[in-house]
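Two complexes, one shared chain (subunit A), two partners (subunit B, subunit C).
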Partner chain A sequence: MSTERHVLLKYILFSCAVLVAPVFFAGGYLLNVLVFVGINTILALALNLLLGYAGQISLGQAAFFGLGAYISGIATATYGMNPWLALVLAAVIVGLIAFAIGFPILKLKGHYLAMATLGFGIIVYIVFNETFELTSGPSGLSGIPYFSVGTFEFDSDMKSYFLIWGFALAMILLSVNLVNSRIGRALRAIHDSEVAARVMGVNARLLKVQVFALSAVFSSIAGSLYAHTMTFISPTSFGFNFSVELLTMVVIGGLGTVYGSFLGAALLTLLPELLRTFQDYDIVIYGFLLVVMIMFLPGGLVRIPSLIMARFDRLRVRGREHA
Partner chain B sequence: MSHQILQYLLSGLSTGAIYSLIGIGFAIIYNSTGIINFAQGEFVMLGGMLTYFFLSVVKFPFMVAMLLAIVFTTAVGILFERLAIRPLKNASPLILVIITIGGSILIRGLAMLIWGKDTHSLPMFSGNEPISIAGATLLPQHLWIFGITLFIIIVNRYFFYHTISGKAMRACSHNRRAASLVGVDVKRMVFFAFAISSAMGSVAGIITAPLTMTSYDVGVMLGLKGFCAAIIGGMSSGIATVFGGLLLGVLEALGAGLVSSGYKDAIAFIILLLILFIRPQGLFKKADTERV
Partner chain C sequence: MLRVEKVTQVFGGVTALRDVSFSVKEREIKGVIGPNGAGKTTLFNIITGIYRQTSGNVYLEDRNVTFLPPERLARRGMVRTFQNVELFGTMTVLENVMVGLHTKSSGGIVASALKLPGVLREERRIREKALACLEFVGIAEHAADIAENLPFGKGRLLEIARAMSLDPSIILLDEPAAGLNARETADLGHLIEKIRSSGVTVVLVEHDMELVMDICDSIMVLNLGEKLAEGTPREIQEDPKVITAYLGEG
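Up next is the complex of A and B:
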């Protein structure tokens, strides 16, 4: 089918762009920013699978990100585990936690789901701050080792870039496949009407929990990548504000679009760098963007080209009518 | 030991009273629009910060400053409804959650830009001579909090049960469509809901500020705690939410005093999750409708 080829082509083009990008930014400060764009792309993608496709909001994504980072950090810095193993361990634990809380949490809908996930996020954040023996509390956990293969360490921006974008591209491929599969269609059916989906034989309850767990695992992996790239983590990176920032990325990029997650993540990661002169204004700009985008461009940034095309088509039709 | 417990109880009740006021604000908007207004906490912040601003910067008398703060916050509430909520017709809960979150960030951010990140205090309403009751001490401000909360709850009760507008708002909360069919102007009721709950939020912010201080970011936690109170009360805009708030305040104070103060904020959210999981209709209500 041509749409399948279209999907593959898009993915290959995107991958090429990602692989070529560092050539232009080598050694510069922007390369470091692009590393964070990669991490945020994974996180936004994880939330988008849940929110954009299955229609289930989560305001606690930062908790899964933080759990991944802290489990990875503690396992390696305190207990001397291999970072790769720690990444897997964290992903498994976080997946299990998400699976366990997913059943009661995803019974809730709309505002109640938002508040429950938010509550979960805040509890986890408080635990990060209060369990001094494990996390070193608000002052943060340091001495986390880099990823390494033999004697090769991922200790520079360039190396981190390829490591993190390698993971990001793999997850994007996985997501593209997932959303274009039977499961993806079932998720969209749940989004439109859960009752109708269930009538059609979709096991909505289980599927929602599975997507929730998958989203948590993605976030956990992003957390491990973050911990082993930064080598230092502290609770402030994983608070409520970051959950909201992730939500903003997904909404601005475009709900229910894989590449929208990248656009949103890129914009919100680059924006503060570009707006450096504004300093504290960034929070106001986030709020403003969130409100304005949802009111006037609910489809997100990815819809802009098709909107322009539609406008163009309309002009052309009108032109023909006049002729 | 027993007077210590009494002390926790009393201070818990006074924070609980604040949670009740905020919770009722949540419930009023929810009942007339079906929206959980994530910006509710920002009204509380605005109450305290605007009073500080009019009192200490503009140098108005305390009473005038408080009244102006309430008026301004109410205006912000009305403006928020007009600019962000009303234009979105038939929006999904998801969109509404996102837009009220966006609104709250915007209000908080603007407050930070205007007044900075410093913490400010307000003077006590009448002196700070402690009153001792059976070994526990209370400040006059605590009594003000109890008194004003009680007064607002009584006025609220009167409004909802003995005035036409109040009754119309209750009709909306049962069934908006049916209410509009018998001639209730639903849009006007939504307008009322935002006005009342932002005013109540600002009062809560003003009466608590002399005890807890105020800054641009106090709204987040207070708003969430108020929401917990409303959830415990089953989203009732009456006495059930008041009990919810008081219960939450007391449990928090006891938890902080007897277990660990670091986990004080976690207690509210653990209660929130438990209630949502086990009794989503609230503690006091029978499960008549599915609150999903």
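Up next is the complex of A and C:
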């Protein structure tokens, strides 16, 4: 029961921090960056459910993000649909696509799964570029409307911040519940030993596909939010590089931790702003970070506090021995 | 209870099992023995749905369960343990058993994410049941430990607790005494007797002859993928074919 309360407390603290943050950044450029931290948090969380908990890699997450953005964009800008409806439509379509490709794809393991999802990502990227009548190709799709409620439009950074973080907080809550449930337990069991999980009656195949679909739906929602916040989208935002960036976020933040997704997303969204001077070499820095993290802090940034505590405890014990 | 009919397994050009048939009676402790490479683990993998055999059928309580995947067999009451202990290493001992209770609970992915009211009640029920299973094998004091930190012998017991949490009608133990010391092996013998007296049929692959001869009601001997003999421990001990297979021609 105490862990139950601990989990809730952590969530409440995090939510408060999120709600208070804009006070310090109002009107500034950083608020705009924090909007993107929100979107990337959702995307990293989606991948973390799949990779960190169920242990299934996907290098095609940017495709689901892009599909959400494009379905939303096309439905509203071209066909005049309501943005909220478009978000739901995109989520449903992307969920169904993920479910359909999930069954054959998730039979694969390790490198093969990575290659298959990578292939899917590349195919989708090509479709964005080549289906000119639908997506306007490489020049991008513009004229996507903002979200609105009545006459209230989510057209400023401040409004977008609360909209996107509202979604992010809701998805974090769902994820926290999920990973602390029997389903979360079954996912970790699959991660540790798939054969043992199956022998224990866990339908590993179905569960993996379900998580894959859930991850795709989260990414699609992030895509819709992105499209209606930016009002302009182009294929370059949804390429292979971005899938790798998401992977880096999850590994740096901490595999198998909900809040690690946020840390990774925050770091990798803020870092490029700080490292402007490096320009196109940012991918090199991501790679370097990834290697350093895996070598020295495989648990991710989220483990730092507990590591410090452990070090502190050890020092105290040693201090007592000396005394 | 369990019937295996003419099971043959060919890997590439190697015949691992050839026309093996045997049956296990209800509430029996059945031993499967044989020299290394005889095909014992392969047989287990076929019975529990992990391998698809080249030919032959498996019946559980007179229903054909050939080619059913392991998760379906688990729901029908067949569980197993593994030769190289397959624990969920990063999870606690209690959580390991709670995974075993997966089939005894029903909250789906949506209900769990929304934390519907039934979910919490179910969790509490599972937790209690899991603790009872740990007590059954005698490792309740390790409930909060991370599974991969358990000593080897305790890990084996955890695997048995996890399997027993499904309320199985039959449990297949793949070399449960491997790596245990004499005392632990004796305790294991008692535990297996206890499992049987709780109404569960036991099939046991084992190298520890003393244990096998001690607790089994009947024994099947495999050699080079073929059934060599089947009978009571005494019959097996005196069977010249078995003695030859184990000791070589004199």
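In this text, the second predicted complex is superposed on the first by the 323 of 323 C-alpha atoms of A that agree within 3 Å, B and C clash if a C-alpha of one lies under 4 Å from a C-alpha of the other, contacts with A are read in each partner's own complex, and residues count from 1 in each chain.
The rule we apply is simple: a contact is a pair of C-beta atoms (placed from the backbone, for glycine too) under 8 Å apart; a residue touches a chain by one contact, two chains touch by 3 or more.
Since the model is a prediction, treat every value here as computed from it, not as a measurement.
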item	value
Contacts of A:M295 with subunit B and subunit C, given as first, second, both or neither	first
Comparing the two partners subunit B and subunit C, which touches a greater set of residues in subunit A	B
Touched partner set for A:T236, first subunit B, second subunit C, both or neither	neither
First, second, both or neither for A:A114, with subunit B first and subunit C second	first
First, second, both or neither for A:V251, with subunit B first and subunit C second	first
Touching partner for A:S139 - first (subunit B), second (subunit C), both, neither	neither
Touching partner for A:L214 - first (subunit B), second (subunit C), both, neither	second
Complex contacts: residues of subunit A adjacent to subunit B	51, 55, 57, 59, 104-105, 107-112, 114-116, 118-120, 122-123, 126-127, 129-130, 240, 244, 247-248, 251, 280-281, 283-291, 294-295, 298
In the complex with subunit A, residue positions of subunit B that touch it	30, 35-36, 38, 84, 87-88, 92-99, 101-110, 112-113, 220, 224, 227, 231, 260, 262-263, 265-266, 269-270, 272-273, 276-277, 280, 291-292
In the complex, subunit A residues that touch subunit C	174-175, 177-178, 181-186, 188-189, 191-193, 195-204, 207, 210-211, 214
Interfacial residue positions of subunit C with respect to subunit A in the complex	48, 50, 69-71, 74-75, 79-80, 82, 86-91, 95, 98-100, 102-103, 105, 107-109, 112-115, 119, 122-123, 126, 162-163, 166
